[in-house]
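Each of the next two complexes has subunit A plus one other chain: subunit B in the first, subunit C in the second.
Entry: the complex of A and B
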């Protein structure tokens, strides 16, 4: 029979470091069922029979936070064989508060006073022997960081587990409290079979803990009976029951500490000095800006951007140069060749169109790869001759000539499939469905990993708490946490790591709100689409791109305020009483481990949904009816696809938004695979008749064009981001709520933009304008109605 | 007087905690109970929340929540 030992302790007490040191790589990381709280267990390195469960970091066993409820339910219902209570030696007073509650559960407890190295460095003295006597629990000095005392603490835990001697607290409350507790025990706890935990239950009932009342199934009769006991005690002590219990616990700790701890005369610690600068009234914001800029610059702009390009365009694209050697030379050569080729092609087009050769300068088209925008450049006849000579004398550059060229997975797979004469359908399924889907999952992993190095560092060094401290005032108005700043900032680069970054927000509601709103910010993949709309419909107007960001910020603020007042986010207001832990250097091992755990959980939990949905869209895009026969399609036959049929069926949804045709609908659907696909799809659909931009300009008015843009910016993000949302929500209902809300909100904004926009673009007041105004009123109502769920 | 009215750099003693429910419990769980001394360290750059030292560690409290803490 194995032994299960639970690690319990405050946040920032070094519990995770201890857990990692004890279990090494033998870890299982997941979630507690149905909630976003992380669950971790692992086998002890020294004895595989010992399982160690890492409970969430908690300050108390109150019924008010998810972490605390999860922890106490585990301790009561699953009954681990022993508890190792981890305590930060530099802050005994508050850490022991949890201890006073843990020892009441009837489970054997041993105490590990962690960070002893820091305690000694500070010159403080802890009399552990006396402490052990006072609390009635074995106490050990350890340092998880320095690997000190680890074997001893587990051995003690195992010994306590084997002896299975129920823990009973030495602490007694004031006489009148004890009197009430005895009454409660007598009255309603005789059904609780395990008498060791009866004291804990009676204290909880004394505190009027509703979750426990429910759990024990007490009748209202019994509850009102207990109420008399509680009230008479409250009257005697002139305070409410919860205050009495917490107050007495802290007073008790005070008496223990006085006898056991000798603090060295305390000057300013290094941490104090750092904090004086970092959260200084004048320096805090500039320092914050620099830190955020660094995080963004490295994880989005430079290293993270390179990593994503490498993964998407290299590994899951054509291929890449090993160590990037030769990449830029090849790029230069390829650009030069392409530029010359364009002139030669342009000449041929001229001849074809005019039936005669140009006699002087002629214009030729240049298409932007990302946005499909076509511009014209002029070449002279000399340019043409030079280009022709260049193209004839030079071969098209081959990347393999410029360095060690490694073909991408699709190229490799394609040649393998060709080699075995694979059926076209299977080949397309593998390449455009499976490989593309796997690419969509793995392509974002390098960037996620890079971002998570930063987040793990910021979290474990203590700066993350300061981020919340600095930004709280702005974000709390929208039901968000100060820490929501980071997900939104990262979201401007890519929504997936942005959503994953919400993991650092402790409060459940703040986190869910952040997950739901982060993708409103235009990510990098939406930029080509924004540029396309700006170029084709608004003649390249410079206000379009900034307006997309304003729209995103507007959507976050409005959603935050509206959602906060809904039943979804109802309940007691979340307290923001946050510890600002001392600064310290994190260890490389812990940072890397945290990075890897999060990256891996994205692959595991988000991977399936991304892969499946990519394959479904592949099928819809590449199959359809041509002349009445069901067949596989070429890429440019998208108008025959099932997707197009689907688009025709669904287009009516967008009629009120001004773009109720199948082309825009299909483009929006392919945007779910990846937002930049919208550009490609529109290119194929509108490109059939020649100029993409001109055709698009005819298909949309200014009002419907902007509505189309607004809808696609705000509606459900790409499948990869949806996978991330699913992973972070860890709850199907919440996942669909988020996606549904985003699509609904996007639709309403699109409606307002189109119907009200029409008035200002010369179409005047129409019947539809009424609906636009009604939608505005609905939004205003959502914003300003009374908040009946929160005070 | 409540914690909200205390100037930076002052030390006060907690008289009682008003209010109820999660916020009140959390404040008490974090060690702000009757009789404890609180030192107000600083105010966040945007004017809220405040940072206090209580029971030997640093804690951040919103001004609105600070109103629940009656001090002298």
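Entry: the complex of A and C
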């Protein structure tokens, strides 16, 4: 027979560390049904018959937070065979508050006093034997971090579970409270089958717990009867019933603690000293800025950048050199060869175009790989001769000659498919659809993992809680939490880990708001697109790229203020109270595990929703009607594709934004797979006539070009990020609300940019300008209207 | 009796009363803010406080700190 043991305890009491130490890799991580609260279950390493359930960290069993509801429902309804109540030994008094409630549930309980290593280091003494007698529950000293006492605690839990002796609390409340409780029990609890829980129910009814009233199906008659008991007690004690119970619990804890705990003389702890610096009024922000810069610099710019390049260009590109040995030599050789080749090709083009050989200097085009920008370089005839000699004398460098060359997945898959003489359609599906689409997403995995390591570290060492405190004042103003800063910062690299980082925000409303607005910040994949628009339409103006970031920040602030006033986010802003855990050095294992849990859920997403959507887009892009026959298309026939037809049908949506043609529409749709695809698609569409940038410059005016940019930066993110939104929202309605809001907001901003922009770019005041101004007014109304849902 | 916001930093105070709405009050009590208990302000940034209460360190914003009387 299997035994289920639940771990219950305060946040930051080391419960998760204990859980990881007990279960190792035998874990199942999911969500509690219907909520975003994490659910963790695992088999005990020492005995596979024992299942350990990690309940969310809670301060009490009242029904006011999601975590509390989830935990207590599990304890009452699922009835685990035993509970291990994990207690932070450095903070007995507060932690025992939950204990006084847990022992009322009638389930066998054993207490694990965790962090004993720290307690001993502080020189404190806990008399566990006496504590056990006082509470009436076996008490064990453990240190999850140092692997101390773990076997003993589980053995005790298993023993308690096997004995199945119902726990009954030893503590009693004040006479008048007990009197009321007895009345309540007599009145409505005699038919509760499990009499061990009766006391708990009666206390909850005394506290006017509506969820319990509902659960027991009490008639309004009985409730009003109970109300009399409660009120007379409240009158006697001159306080409300909940405060009475809380006070009584703390009084009781006070009496047992005095006899059981000896504190060493208190000096400043290390945590106190760190906090004096880190949360100092003057130093807090500079330190915060440095930490964030470090995280950003390492995980987005340097190490993360290399990792992404490796994954995108190596694993999901042509291939890579093992340990990068030979890479730079090869790159130098390849660059030199390519540069010479360009001159030779340029010479040939010149001959072809002019019919004669150039007699002096001639220009040749150089195309930027990422942004497709074409610039012209000038070469002299000597340059040509030298280049020709070089190209003829040397062979094109082969990467395999410079180190151990490992071909990328697409190369490998292509040769494998060729080897089995695969059908062209299947080959295209696999290479252009699945490998290209999923690869684009998986290419970000290494970077994401690096980011998650930092996040896990900042979280488990205790700094993240301080970040929330430091930034809260600023973010609170537009409906976000202090912790929203981190998702947004990460979002500049990639929106997916950014959205996933919103998990650290406890408050539901703040979290949803953060999820909805994080992807407004331009991510790494949008950069080539921004550069393309800047280069093609604005002649490489340097203000375009910064303006994209300002637009993102503007969108976040405006959305925050507007959404805060809507019904969706109605309700009083949650007061900011949070525990700041003591600083400690996290274990490598825990950091890696946390990184992997988040990373893995991202990879799974890429395997399901993203895979499906990329296949659909592939089909739409590569199939269509040519001369009336439905057929598979070549890459440059995209204008015949179903996608192009779809683009023509949908283009009218963008007429008010100034780019109502199918080309821009199709590019926006392919941007849903990955934002850098916009560049590739425009390259194919506009590239047919030669110079992509010149064609694009003709297709857009300054106003419509910036509207196009603004719309694509703000509208629904790529499928992968949408998947992340879906997962973090964990609610279909909220998911569509978020996507709908983003697209709607993007459209309105695009409208304003185009219609009002036209006036300033010399196209004068038109009929459409009125709509642009109306949209501005609508935004202003949204920003400044009275907030009727909040006080 | 004075609200916690104006209490001097670094001195231990006894909590006399906790006001405010039910929800906030309840949460404060769960975290150990109970009348009769002791509290020390550790740090202050723009009215937001970090306090020590029942051996743990808790951050509270200005609005809430105004409702805790010592």
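Operating definition for what follows: the second predicted complex is superposed on the first by the 768 of 791 C-alpha atoms of A that agree within 3 Å, B and C clash if a C-alpha of one lies under 4 Å from a C-alpha of the other, contacts with A are read in each partner's own complex, and residues count from 1 in each chain.
As a working rule, a contact is a pair of C-beta atoms (placed from the backbone, for glycine too) under 8 Å apart; a residue touches a chain by one contact, two chains touch by 3 or more.
Given the structure is predicted, the values throughout are model-derived calculations rather than measurements.
Enquirer: A:788 contacts which: subunit B (first), subunit C (second), both, neither?
Expert: Neither partner.
Enquirer: Counting only touches as set out at the top, which of subunit B and subunit C does A:472 meet: first, second, both, neither?
Expert: both
Enquirer: Going by the contact rule set out at the top, does A:64 touch subunit B (first), subunit C (second), both, or neither?
Expert: After superposing on A, A:64 lies in contact with both subunit B and subunit C.
Enquirer: Which partner does A:578 reach: the first (subunit B), the second (subunit C), both, or neither?
Expert: Touch status of A:578: both partners.
Enquirer: For A:284, is the partner it touches subunit B (first), subunit C (second), both, or none of the two (neither)?
Expert: Both partners, subunit B and subunit C.
Enquirer: Once chain A of both complexes is superposed, is A:262 in touch with subunit B (first), subunit C (second), both, or neither?
Expert: neither
Enquirer: Identify the partner contact of A:733: answer first if only subunit B is touched, second if only subunit C is, both if each is, neither if none is.
Expert: neither
Enquirer: Jot down the residues of subunit A that show up as touching in both complexes, subunit B in one and subunit C in the other.
Expert: The overlap between the subunit B and subunit C interfaces on subunit A comprises residues 59-60, 62, 64, 91, 93-94, 97, 242-243, 246-247, 250, 275, 279-281, 284, 465, 468-470, 472-473, 476, 572, 575-582.
Enquirer: Given the complex with subunit A, which residues does subunit B contribute to the contact?
Expert: 16-17, 20-31, 33-36, 42-49, 51, 55-62, 65
Enquirer: Across the complex, what residues on subunit A touch subunit B?
Expert: 59-60, 62, 64-65, 91, 93-94, 97, 239-240, 242-243, 246-247, 250-251, 275, 279-282, 284-285, 465, 468-474, 476, 572-582
Enquirer: Would you pull the subunit A residues touching subunit C in the complex into a rising list?
Expert: 59-60, 62, 64, 90-94, 97, 242-243, 246-247, 250, 271-272, 275-276, 279-281, 284, 465-466, 468-470, 472-473, 476, 572, 575-582
Enquirer: Which residues of subunit C touch subunit A in their complex?
Expert: Listed in rising order, the residues are 20-32, 34-37, 42-46, 48, 50, 54-61, 63-64.
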